[in-house]
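In the two assemblies presented below, chain A is common to both, partnered first by chain B and then by chain C.
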Partner chain A sequence: MSAECMAETYIARSSAIAARMLGGEMMIMSALDSTFFTLNEVATVIWQAADGHTPLSTIIESRVCPEFEVEADEAQRDAEQFVTELAQRGILLVSDKPIQETKPGMAEA
Partner chain B sequence: MCSNDVAVDIGGMPILLRTQDAAFRALLEKRYAGFVRPAAEPVFAFDVDVVRPARAVSKEEELRVWSEDGLWRLERGDFRAQWDPRVGRGKILQSVSPYAIDSVLRIVHTLIQAPEGGFLLHGASAIRNGRAFLFSGISGAGKTTISRLAPADSVLLTDEISYVRRQGERYCACGTPFAGELARLGENAVAPIARLYFLAKGPENRIEPIETADALRMLLRNILFFADDADLVKMVFRSACEFLGRVPASRLTFYPDERVWDLIQ
Partner chain C sequence: MSLLVEMNDKAMALGIPLSVHIDVTYRCNERCVHCYLDHDDKGEMSTAEIKGILDQLAEAGVFFLTFSGGEVFMRQDFLEIVEYARHLTFNVKVKTNGVMIHEAEAKRLKELGVEQVQLSVYSHRPEVHDAITKLPGSLKRTVNSIRFLKSQGLKVTMSNVMMTVNRQDQAGTHALAKQLGVAYTLDPTVTPKLDGDTSILSLRVDEDNLDELFTDPDLVGDVEEFCAAPAPPDEDLMEGYSCSAGHTACYINPYGEVFPCVQFPLPTGNLRRQKFADIWYHSPQMNEVRSVKVKDLTVCSSCSHAGTCTRCPGLAYMEGSMRGPSSSDCEKSFHRTGIPSANMLRKASMASHGPLVQILPMMM
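Take a look at the complex of A and B:
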């Protein structure tokens, strides 16, 4: 399937997490099972841009590629893997349609 | 306050325990000696009913803490309690064992401190030169050992469960009566926290820096946390992050003799 035919992917931060930037790293804790994650720089950029209405491809083109000087295809593959992992753990919401905004203050910075 | 009431003041948070049982009152006064403050104005009060002879009062074998209609409910085989934080009142039904009231108090204090940015921590703590030091670690990391080695010019706050309170932009450590293997109550004293150490035993004494993510992971692992409640998880996470943003943390590897305290000034 060509890229043009593929549906867009939209991502949003789950309201069931707590997150904070500390010591230059994004720390995330699931409020559901208290599991703890730290994100690398690229993942942090994607995480911060996960507003539910910006397509993942746009986040990669406008944020990841220019900031980390990576090719779009490679960045897209890595991002999809990262998004899948976080979605499986319930801390990112993924949809092929824009996602309603999470409640303010739930996914804190 | 009636004759059988006991105000137990831990962390500057006096909790009144009302009991009709004179023998249980005597047990409380002995167990929490140094933390019983007859004149303290309680912030919370519990009516305590004691079941004699000791028997299970709940079907819950494992500890369960949950919130329901604004009430906190706490249950384990040896106690059943409920607490309304809005009015500061609660009830405890427990077996005569002192471990039951100990557990209830620990849980209630974690719930009191969570929205305030404080917490209870698996760790020893002591005051030296007017500053408090926390020594956190899992069982066997050396909490009791470092407490036993504390020099005469230090004040031991606890060898097992440290009490951390947030006061504006700083954090204070308070003494607790929650003793570990040392079987000695902490001093009912308070001091600003100078540093958090994560303990490990080793062949020599050394203090090493620790990555923030590692510090946060270890701190979260050692904060006492009982409730199955998402909002509370978020509060604890926030408290841990803010604590590490203000209090330096290091790894302390020590050989178990008194020279380790030369590093802690």
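Take a look at the complex of A and C:
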């Protein structure tokens, strides 16, 4: 297996956001451009688990698949798309290395 | 329907306090002629008390948090409080006069991810603004702070209160906001002081000024639409509520007292003795406020403006009943559309009948 295939994806919540659960959905507002999002239940689980040091594949395997009874491959594809979209909007940080926790007022890596 | 409106409806249905306004102090370095507050510190909450309350608000589902005062920067721990609030991922808005904001404070507010800073500016002319704030040099300092905040890329709003003493400067103040590249809001509302003193109501602008305000496209957008006659109220409207106070919003003063809104001085509990959730869900006063539907309003339920009026239940409460009319909003509806409100018609009718009891001096 190549090194590229082995690469893990690590995700962390940006500190430049406001977020709160409302009736099972996560509301998120970007402090960068005031864009407002809501995440569905699956996306909310991934968001909450985005601690910067748990690989995305582990989040899917340990949280998404058992809680939502979905196949790992399908969940991985959907999660990668979701992660890319949120990263493009600056509300999720993505790296192939573990990400240090960021707090508001601290510079993001 | 926008996502925000959808979330608001959801919060309303679930009874979640989506927005909370906290005055962290009543102390102020300005003494604005129209201010409704008593600026003496009567034992404001400590840093730890406020942080404890923020924990409870996050737990309760609060998303939008407004910090105001008094002047928030009179508290030396203000930025520490904002940092804590942002750590709890609130969407934070700060209301300030900006007098104490320099480059360092502006930079910190930006770093902390504050959503918006709102500053009060009453005129583009120092002699008018400073006479209102009673702080010499305040306009210059506030405008400087707006520049600092803008240079950090923060979203800034300049808010003006239209009064008898600055009405002539409205256009100039708006032009100043445009020149600074910030949003501008104008409100003709002057409220009684929290202790019930109504003397400051003499600062309210007269009818001509309201007409002028409501027909200014720069302020209201499409004048024809804004001033259109209201649609007849339907059943859905009658079963609804006129305001978010007590439904998805509330106010906390510097002493930990909780009210339905900053303009609604009905005490519902104190966070120094009770948990926020207990007050929000179980206070009889809060429950009474949220029980009042449009159909329950004593005069306004029969008013043609019921669906479009900005009726403030807090101002109505200060006038005598949270179910009654708020006269200043009746006047706004009238001057916006030219159609008198039910309350105005009622008052006119009562006046034309003369006094109910006539007492004549006994003829000797």
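To be clear about the criterion, the second predicted complex is superposed on the first by the 98 of 109 C-alpha atoms of A that agree within 3 Å, B and C clash if a C-alpha of one lies under 4 Å from a C-alpha of the other, contacts with A are read in each partner's own complex, and residues count from 1 in each chain.
We adopt the following convention: contacts are C-beta pairs under 8 Å (C-beta built on N, C-alpha and C of every residue); 3 or more make two chains touch, one makes a residue touch a chain.
Treat the numbers as computed from the prediction; the structure is a model and nothing was measured.
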Tell me which partner A:A72 touches in the superposition: chain B (first), chain C (second), both or neither. neither
- Message: So in the superposed three-chain picture, is A:T38 touching just chain B, just chain C, both, or none of them (first/second/both/neither)?
- Response: both
Chain B versus chain C as contact partner of A:A7, first or second or both or neither
neither
| task | Could you tell me if A:M29 is touching chain B, chain C, both of them or neither one (first, second, both, neither)? | result | both
Dual-contact residues of chain A, meaning touching chain B and chain C, are 16, 18, 20, 22-23, 27, 29, 31, 34, 36, 38
Residue set of chain B touching chain A in the complex reads 211-213, 216-217, 220, 225, 230-231, 233-234, 237-238, 241, 244-245
Residue set of chain A touching chain C in the complex reads 15-23, 27, 29, 31, 34, 36-38, 103-105
The residues of chain C that touch chain A in their complex are 3-4, 7, 10-11, 14, 16, 18, 58, 61-63, 83, 86-87, 89-92, 108, 111-115, 155
Residue set of chain A touching chain B in the complex reads 16, 18, 20, 22-25, 27, 29-32, 34, 36, 38, 108
